[in-house]
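Next up, some structures in structure tokens.
Across the two complexes that follow, chain A remains constant while its partner is chain B and subsequently chain C.
Presenting the complex of A and B:
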């Protein structure tokens, strides 16, 4: 590890199905302005910017140069990173390396998406190989449906188990003024929602949202001047699985297991279930809230439903998850994983408002994307 | 600022061609990756992390990096993707080593211009409401910049023709180049008009190809059999997006990027201290304009270097001895090729275009229309 790095500011837009009132640049500017205000900085204090989204959702090529006026990057260093759904954590992790490398003291990470301007499925199916994979895994929902089915069959999981995850996350979103879907739902409502692709129903899957997130990463020296309690980066890890959806082992999320193991090792965490205080996990559909927490190692395979039904992952439980409402309540794709990082940072900084957990020392944020790829960032209250 | 030392220990590039119909994206990336490993005398197990460089528009695929995950050997490794010129990919690859998190990085870039419509792809980098309907894309926006260069700085299209002649001639010595050509200033000046004042031979070709580099810190260099070429300095910056808000004849962001790179590498006088340059000449006029931004020439005088033979392969300060981007332009790849060419020169393995004096060189890449964002690298033998 290089220099110690901390998060000193986080801002997000008010997310919605369609933000008629702003264009893409204004959306970005809304998040950037709020992040700067959160840190008590001005754009002059920012040394470099890193930005990401998914090109085909807005149909804008070279977003780094297109966004300069919204990002505030005039005559500043900026480049773009993008990895699909993981883009938000990819951006956050890149900003971490910018500062850890010793090149910059305050780096602004921006993730954004204006999904209302796109045909989401039309854009996303082109990630798969045009000859072999596209006909069978077109779009996000079918590949997730394959995963859910394989997981249900292997461990006897039910659709109702998954519905409990939606009830939790949507219930949490009620306390988050920025969330896109801020209404709680019941088990019956989830179970009775229209079937999209067996076994995924409408309320099992995330919405598509317009929104942006901005997070400021600072060197230790600057962090001490900016805030009393920054959120220190304890570990980052990335694992991509293969190129082909057909090559994925759908009964376990290997990339998440490996990334989490590496991140815990780097952060010196031996018992993640008991040592972590909060988690913001990129879970784009309800079944992920079961299977993927097993892959992280919070419990044995097949045992996640018990944790979730017992309330251990609810506010007040052993390890509260997705207190922001999670991805099931807001999904502005390029921003989604960066929101996870920002939300954990605010929990550590004591700025999570009505969703605040007392005395958060250690939290975990994840990103999901591509061909079942995973990113992990561990944040802590103490300087590593 | 002090950072630990990082060197380039492996490089590879494919031959560049108008259409490489025998290779898909993964094939190109595999060729570049295995080539760079072989050049470094390393195996994929000795690579700690990977940065790929690709673009969803050029590839016609969302999450374009997904198509090359297997081919770049990233399974089980930390991996990320830069969408922009390969010089920025090298930058992120180096940052990851400078951060102390990794000892080696593989950076690999690919692009197949043959598989898309360059007009639509580069039209998409502009504002969708006001600028795209005007037909602005890579060539027409460059033409506006070229004309601004004429109007505001008195630049001369004949001088640019000298650049085209020089670079295509240099390409004859480079086996990877796509367009080795014997030209004359008259031939360039009488080639068909593409977008006034740019003629066909002022413009780079559409190309397919890939390239890769391996970066290593001081400890890990021991595992390579290759002579290390050191990253001595880097700078990058961007200016405003709307063309009308910029002085297109004054590359402001390049000046800032160059100043950062010079100060990081201890260069006080670039004209004296640099032995040679590889700059992003997507169009002939860009070479002199970027040389002005880099502080090599005074404003308006960049054209003199090619006309007077200063930037020739046997001149006092050779520029684009490889043939430059004018002779092969795989978008995203081309900037990283500039860096690779600087490495080959410093190693003294550039072959027929080897320069006599090549101890410290500059590599340059751009993002966005009319060089909106620049990345400047200084590399050296010590």
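Presenting the complex of A and C:
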């Protein structure tokens, strides 16, 4: 076990389909400046930086060096971590490792993306094997659609069950001034939206956004000086398995099940459904709001629709999910999973404004990406 | 009243367009090369078996990830299988292999070939108006002119 580590600051940009007013560096600087202001620190207080995005979306491969001015890493240790959609949680977890190891006291994690700068699906396809998979692989939306096809068949799940997840997350986004899509939608609107790739309709899938997120991880000594209530890291878990899309079991989300089980064990959580107060889960499409909460272990396989229809995952329910509006409202991919961490941290720090749940003691953030990969971080109000 | 956002475009905000053409050449290795040679000579699909977990993978590759073990036992698979996961793709996007829009709609899915333990990714063609479902049986249709690439299997079709 390493040193105790806490999140002491979180900042994000105003996310949008296209940020015409800034280039990537300026977008990054906007999130970093807000994270520093949130912690009451200056860039001089930052010892090291971990940054990540998805290389092919902007066509820039040396983001660690290219981003220096925006990241505030001039003459400091900085390196890039990129793991697909999980990039945001992986940079957060890498920053945590830095502080937990005892080598650094304040480490800045940055995730960012300017999705508007390329064809998102075309760029994602380059993650698949060029000899075997690229001819038929069709990007994120169809690969999620095939997963939904297997899950629906196995448990008799309907498109309407999934639509209820979109209604929840988009409704939550209305209270988040930073969210990309801030209008609530109805079940009918989801069901009547255009079919993109069966069974995924336009309102079942996340948008593509420009945006950045920055989170500061601090040692216990520094955290005590920075704020009265930091968000302590209770556990992290990373499970990346393969990039062969044919090796995936489309009926079960094994990487998430493994990551969640390990994180709960490390955090001493025996009954996650009742012990956790909030969740920010990387769910890029509505069906994930059903299948993947079963993989986490919040209910038995096939039983998620009941929890969601009963309102147990809504604000005021047993375990509110995605109070930020989630990925269905904002998806600046390299930043997306780090936004999950930052949003849970702010819930614990009591800084979530209109989306605040009273007295949050424990929260869970997840990352999803690559070839059905998963990261988990558990944050808490008490020092572990 | 519509709120005007600072990041919305006015005439003074510019962007530059660029289309990058990059030539690549990817090595297939022994097993990948053998897979396409067998298709060319006999229209046979090959898999490879792990000596440790006995799982049969398609396409054949040298390493079993879960066991971290080298594999070398090539096995013949059936040309048929069943659909384990499938979707009808109906939205436009750029194909990075061609630089052009991939023609839609088309069906793409993951097929459990007879004799394999994992899934094979390919496109599926049905008769006009017909649907395809998880669990349906399909067979491989091969190209007449085989060039040693995945398109040597033109598509799978329902049996």
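Rule of thumb we're sticking to: the second predicted complex is superposed on the first by the 384 of 384 C-alpha atoms of A that agree within 3 Å, B and C clash if a C-alpha of one lies under 4 Å from a C-alpha of the other, contacts with A are read in each partner's own complex, and residues count from 1 in each chain.
We take it that a contact is a pair of C-beta atoms (placed from the backbone, for glycine too) under 8 Å apart; a residue touches a chain by one contact, two chains touch by 3 or more.
These numbers come from a predicted model, not from an experiment.
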Query raised in the report: Which holds for A:64: it touches chain B only (first), chain C only (second), both, or neither?
Result: first
Query raised in the report: Of the two partner chains, chain B (first) and chain C (second), which one does A:126 touch, if any: first, second, both, or neither?
Result: both
Query raised in the report: If you stack the two complexes on chain A, which partner ends up touching A:242: first (chain B), second (chain C), both, or neither?
Result: both
Query raised in the report: Just chain B (first), just chain C (second), both, or neither: which does A:177 touch?
Result: neither
Requested in this report: Classify the contacts of A:142 with the two partner chains as first (chain B alone), second (chain C alone), both, or neither.
Outcome: second
Query raised in the report: A:196 contacts which: chain B (first), chain C (second), both, neither?
Result: second
Query - Contacts on chain A seen with chain B and repeated with chain C across the two complexes - result: 59, 123, 125-126, 241-242, 244
Report summary line: Touching chain C in the complex, chain A uses residues 14, 16, 18-22, 59, 119-123, 125-126, 130-139, 141-142, 145-150, 153, 195-200, 241-242, 244-248, 250
Query - chain A to chain B touching residues, read off their complex - result: 1-3, 54-56, 59-69, 73-84, 90, 93-94, 96-98, 100-103, 123-127, 129, 236-244, 258, 369-371
Query raised in the report: How about chain B: which of its residues touch chain A in the complex?
Result: 1-3, 26, 55-57, 60-63, 65-71, 74-84, 88, 91-92, 94-96, 98-101, 121-122, 124-128, 235-242, 252-253, 256-257, 367-369, 372-373, 375
**Report entry** Of chain C, residues touching chain A in the complex
**Finding:** 5-9, 13, 15, 20, 24, 26, 28, 32, 57-59, 61, 65, 84-91, 93-97, 102, 108-110, 118-123, 133-135, 149-151
